[in-house]
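Each chain carries a letter (A, B and C) given by its place in the written order, and its residues are counted from 1.
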Amino acid sequence: MSGFSVTEPSKRQKWFAGILVITYAMVTLMPLLWIIATGFKSPEDAISYPPKVIFEPSLEGYVNLFTTRTRVTTSMEETLLPPETWYDEIARDSGTVISGPTRYGQRFTNSVIIGFGSTFFSIFFGTLAAYAFSRFRVPIKEDLLFFILSTRMMPPIAVAIPIFLMFRQLGLNDTHLGMILLYTAVNLSLSVWLLKGFIDEIPLEYEEAALIDGYTRFQAFYKVVLPQAATGIASTAIFCLIFAWNEYAFAVLLTSGSAQTAPPFIPTIIGVGGQDWPAVAAGATIFLIPVMIFTILLRKHLLRGITFGAVRK
Amino acid sequence: MSGNPIDRVAEATPPTFASRVRGLSDRTIAWLFVGPSIVLLLAVNIFPLIWTINLSFTNFKANRLRDAEYIWFQNYQRILTDTGTWESMQATAHFLFWTIFFQVLIGFALAYLINKKFKGNDMWTTIIVLPMMLSPAVVGNFWTFLYQPQIGLFNYVVEFLTGIEASSFSMIGSVNLAPWSIVIVDTWMWTPFVMLICLAGLRSIPDSIYEAAECDRASKWRQFWTLTIPMVLPFLMLAVLFRGIENFKMFDLVVQLTGGGPGSITTLTSIDLKREAFEKWRTGYASAYAVILFVTVFGLASIYVKALNKVKER
Amino acid sequence: MKASKLLMATALTAVTAAGASSASAESLTLCWAAWDPANALVELSKDFEAESGIDMEFEFVPWPNFADRMLNELNSGGKLCDLLIGDSQWIGGAAENGNYVKLNDFFDAEGITMDDFIPATVTGYAEWPKGTPNYWALPAYADVVGWTYRRDWFENADLQAEFKGKYGYDLGVPASLDILKDIAEFFQGREIDGKTVYGAAIYTERGSEGITMGVTNALYNYGFEYQNPDKPYDLEGYVNSEGAVAGLEFYKDLYDAGTPPGSSNWYMGDTIDAYKSGQVALQMNFAFIWPGVNADPNVGGDRTGYFANPPGPAGQFAQLGGQGISVVANTDNMDGALAYIKWFAQGDVQDQWTEMGGASAMSSVVNAPGFAGEQPYNQAFLDSMAIVKDFWAEPSYASLLLPMQELVHGYVIAGQGTAQEALDSLVSEWTEVFEDEGLL
């Protein structure tokens, strides 16, 4: 039907709306683009005054992010061998010599271990609980569901006080296990609520048919419901991962060296002298890009995820 | 209840077969499935909460060897009579009010415009959403760089737009501007959140309602106020609830941006609490502070939820 | 290709490093702040690794987060650090809470004597209680707040003439804090080489200890005292004396009249950025940055001079920085940790330490003939080390620092209330802390 519709906006309205939204999107993108651009500036360009929009790209920030460097003293100069690799060369150009790797790789690895570990457990327990809440008559169901949600309302710092003491007693401070447990607990509320919504949408008839075919409850759950819920589980998993990936307050208070994740670490990257903005920007870029990709993948389920399933588009 | 599949299956199958199907009783399976989550939440949330309440009556210091004594309500009394607490509450209230105000205003406007369904609106929506998915600590840290008067981008953009000289003002450093500096960054990050929810609200309104209004010759302006707004209101209120709870908890972004300064202008309650708990190590005092914050957020949220339910029922 | 190799290599070393530190007992983790001297220590420690066969791991945390992270680590009973080069003010708490190992017996057994070190550093970095021969650390890095200035600008004839005309005396190394302020004012907003420049970059940081480490350089010299010399923890009239008020007002005047706009939350890293990018004529900073300034392509060499904190009406002092190295009581490798300290305390290692960019606190190193002239900043360093004073090192140090940060920042940067009110509040806050501790 190409007839007149009162709800279809006119062409002019569309143009006007499009221009305004695109303008906003550009403005909102600027800080992000600036982070990415700063990662490719030399330290001098990054703190140039006034700021430079056009600059000669340099990989110094990335080299600085991954290496610690020592300033070349006059006595050292004579014994130095010529630079072997491109990153040696970049370091040498700024009067330093690479003395080893930084902790960034390790912190990033920690983020991956803790992020994926806690996501696995919160999905595992969350799916079970969500299935039970969706399919069975659980006593005091509403209260339990609200209780699960309410755990997310407490300020993290307030929760961190007893957790800190508890972890100290158990020797869980600054361990992967401790952080995985904690993030699993925090994410459970999200995964239970989201997954309950997804499972609610799976028609009961499938299970009924399976039960009649002689499947046990477990088999019906495992072989029928889980495959049906796969998309929902995947998007819930990404939301859990993003939370664990971005979390700062617990990480800064409960980890120090061995299990520290990237968010408390990135703001503390400094170079020889002051804060090394290109290295910070490089670290931030590497850290933010996975989340940007996830956001694009998730765009269909985004709304549901951020509202704990309260709004389903 | 016929809605329960197991009952329906049970009705449809002979008894001997039914007991084989069930294997474990439903009740057992239900508890087996819910159990681990409840145990974990009890261990990581409820037990610590009870411990916090207990600690809040003592003068315990987590960095000392000596034992704590029970001082009962002294911590509570000290917190509630301390001017610093109220200053941080005020700072939090200012932050809460203005972030929500701007986010609702801009978020709704954007959603309204996107709902005009211009070409490519999906792609631009995704781009706009990006900031809110990023790590607030990392983003907050980088904004301190953007806010630098001499070398930062923000001041130069302001100079470009308004002609006010870039190095003549400092967003983070000045008492008058610092509270706004955190509002700006939070608004930048979280407006898309409100926008997405509003968009869902707008899209939930059936076209037929407008068509009916058109037949009644209601003006566009009137349609907006009597149809669009009331229909979107429950969604908008939900967005406000989420933002309210999140910003009451706010820590990472602001601590990286201003560290609570200048002076204590942007010391939100979470930052104040962190100083008491993990810098001064007054664990008992901080526990009492935490309890007060729990009560506040639960109280405010449940009042609000009641109001929200009323609006929904209308 | 190569980039991915570099990534792989770092990831691998990171993983193996993490594995190694928990697996083998014959490794030591040394924790310190992340700054230039720490990198020099990594180089220096390679000799120790070769000699002893012990692997050295390092955990460096930048200054703004250093205290937070490390005190949290100690208080959580963590096992991250075997050796800790902790800040001087932590010594009281770490000693009384049992976080550090007392080193007296070890020193006696190994023939290490504190008489070999600069007395101010022994008091500042090793002793608790202060003034008693109880040692919890070996002075490791001597540091103090001082100033750098743009010699090329100061020696510009036009500017000299204009300055003389305006103030009636010659532009040069300031002989007093007042003169320093005049100079900062003089350069503020001036056009030099086509750029607007400013007077002085000073410490104003709010979050950790920044503004306190800066403002004390003015407070001490105007007559501020931490307590009644005859009656410990008696603060009234010392912390908020007339001189102290004048000192605080001075710091605010300096901030208002002679610092770059936006320098409201600056610490070591920020002031050095400002100085290196040519924004300021004067820079307050700890002496550790001086080798870096001297080597800088833009402002290094002849373009920079160095001087100790100038005197005020009540004398000449400078804020002590620097740290001692301690053994963390929780370590699993006590012998290795002590072996490291024994190695570090040797005279020739200390010589090399200073040469590689460290700053030895050993008297024989800094009093060696020729030391003063070896580097352009060595004389200023010696002058500064002779006039040091330090903040509280009480176990409740953090509770004392926090109100000072808040009140000073509130007055100097935010302009809230008067200097008298800020210091009066400080007296009552500090008194409350001491009452809580049962000291009053």
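Basically, contacts are C-beta pairs under 8 Å (C-beta built on N, C-alpha and C of every residue); 3 or more make two chains touch, one makes a residue touch a chain.
Source: prediction; values computed, not measured.
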Per-chain Cα centroid nearest the overall protein Cα centroid belongs to chain A
Of all the other chains, whose mean CA position lies farthest from subunit C? B
Computed distance of Cα centres, subunit B from subunit A, in Å: 17
Quick one: report the Å distance separating subunit B from subunit C, using the average Cα coordinate of each chain. 39
Whole-Å gap separating subunit A and subunit C, where each centre is the average of the chain's CA atoms: 36
Can you list the subunit B residues in contact with two or more other chains? 62, 150-151, 278
Would you pick out the residues of subunit A that each touch at least 2 other chains? 47-49, 164, 168, 252-253, 264, 267
Shared interface positions of subunit C, touching two or more other chains: 68, 72, 277, 279
Which of the residues in subunit C come into contact with subunit B in the complex? 68, 71-72, 74-75, 93, 97-98, 196, 205-207, 260-265, 277, 279, 395, 398-399, 402, 406-407, 409-411, 413-416
Which stretch or stretches of subunit C touch subunit A in the complex? 2-3, 6-7, 9-11, 13-15, 17-18, 21-22, 29, 31, 34-36, 39-40, 42-43, 59, 61-62, 64-65, 68-70, 72-73, 76-78, 80-81, 195, 268-270, 272-273, 276-277, 279, 289, 291-292, 295, 297, 355-357
Listed in rising order, the residues of subunit B that touch subunit C in the complex are 62-65, 144, 147-151, 167-170, 172-175, 255, 258-265, 275, 278-282
Can you list the subunit B residues touching subunit A in their complex? 1, 4-6, 8-9, 12-13, 21-24, 26-27, 29-34, 36-38, 40-41, 43-45, 47-49, 51-52, 55, 62, 106, 110, 113-114, 116-122, 124-139, 141-143, 145-146, 150-153, 156-157, 166, 188, 191-193, 196-197, 199-200, 203, 207, 210-211, 214, 235, 238, 242, 245, 248-249, 251-252, 256, 269-270, 273-274, 277-278, 283, 286-287, 289-290, 293-294, 297-298, 301
Within the complex, subunit B is touched by subunit A residues 5-7, 9, 13-15, 17-18, 20-22, 24-25, 28-32, 34-35, 38, 46-51, 125-126, 128-129, 131-133, 135-138, 144, 147-148, 150-151, 153-166, 168, 181-182, 184-186, 188, 192, 204, 207-208, 211-212, 214-218, 242, 245-246, 248-249, 252-253, 262-264, 266-267, 277, 280-281, 284, 287-288, 291-292, 294-296, 299, 302-303, 306-307, 310-311, 313
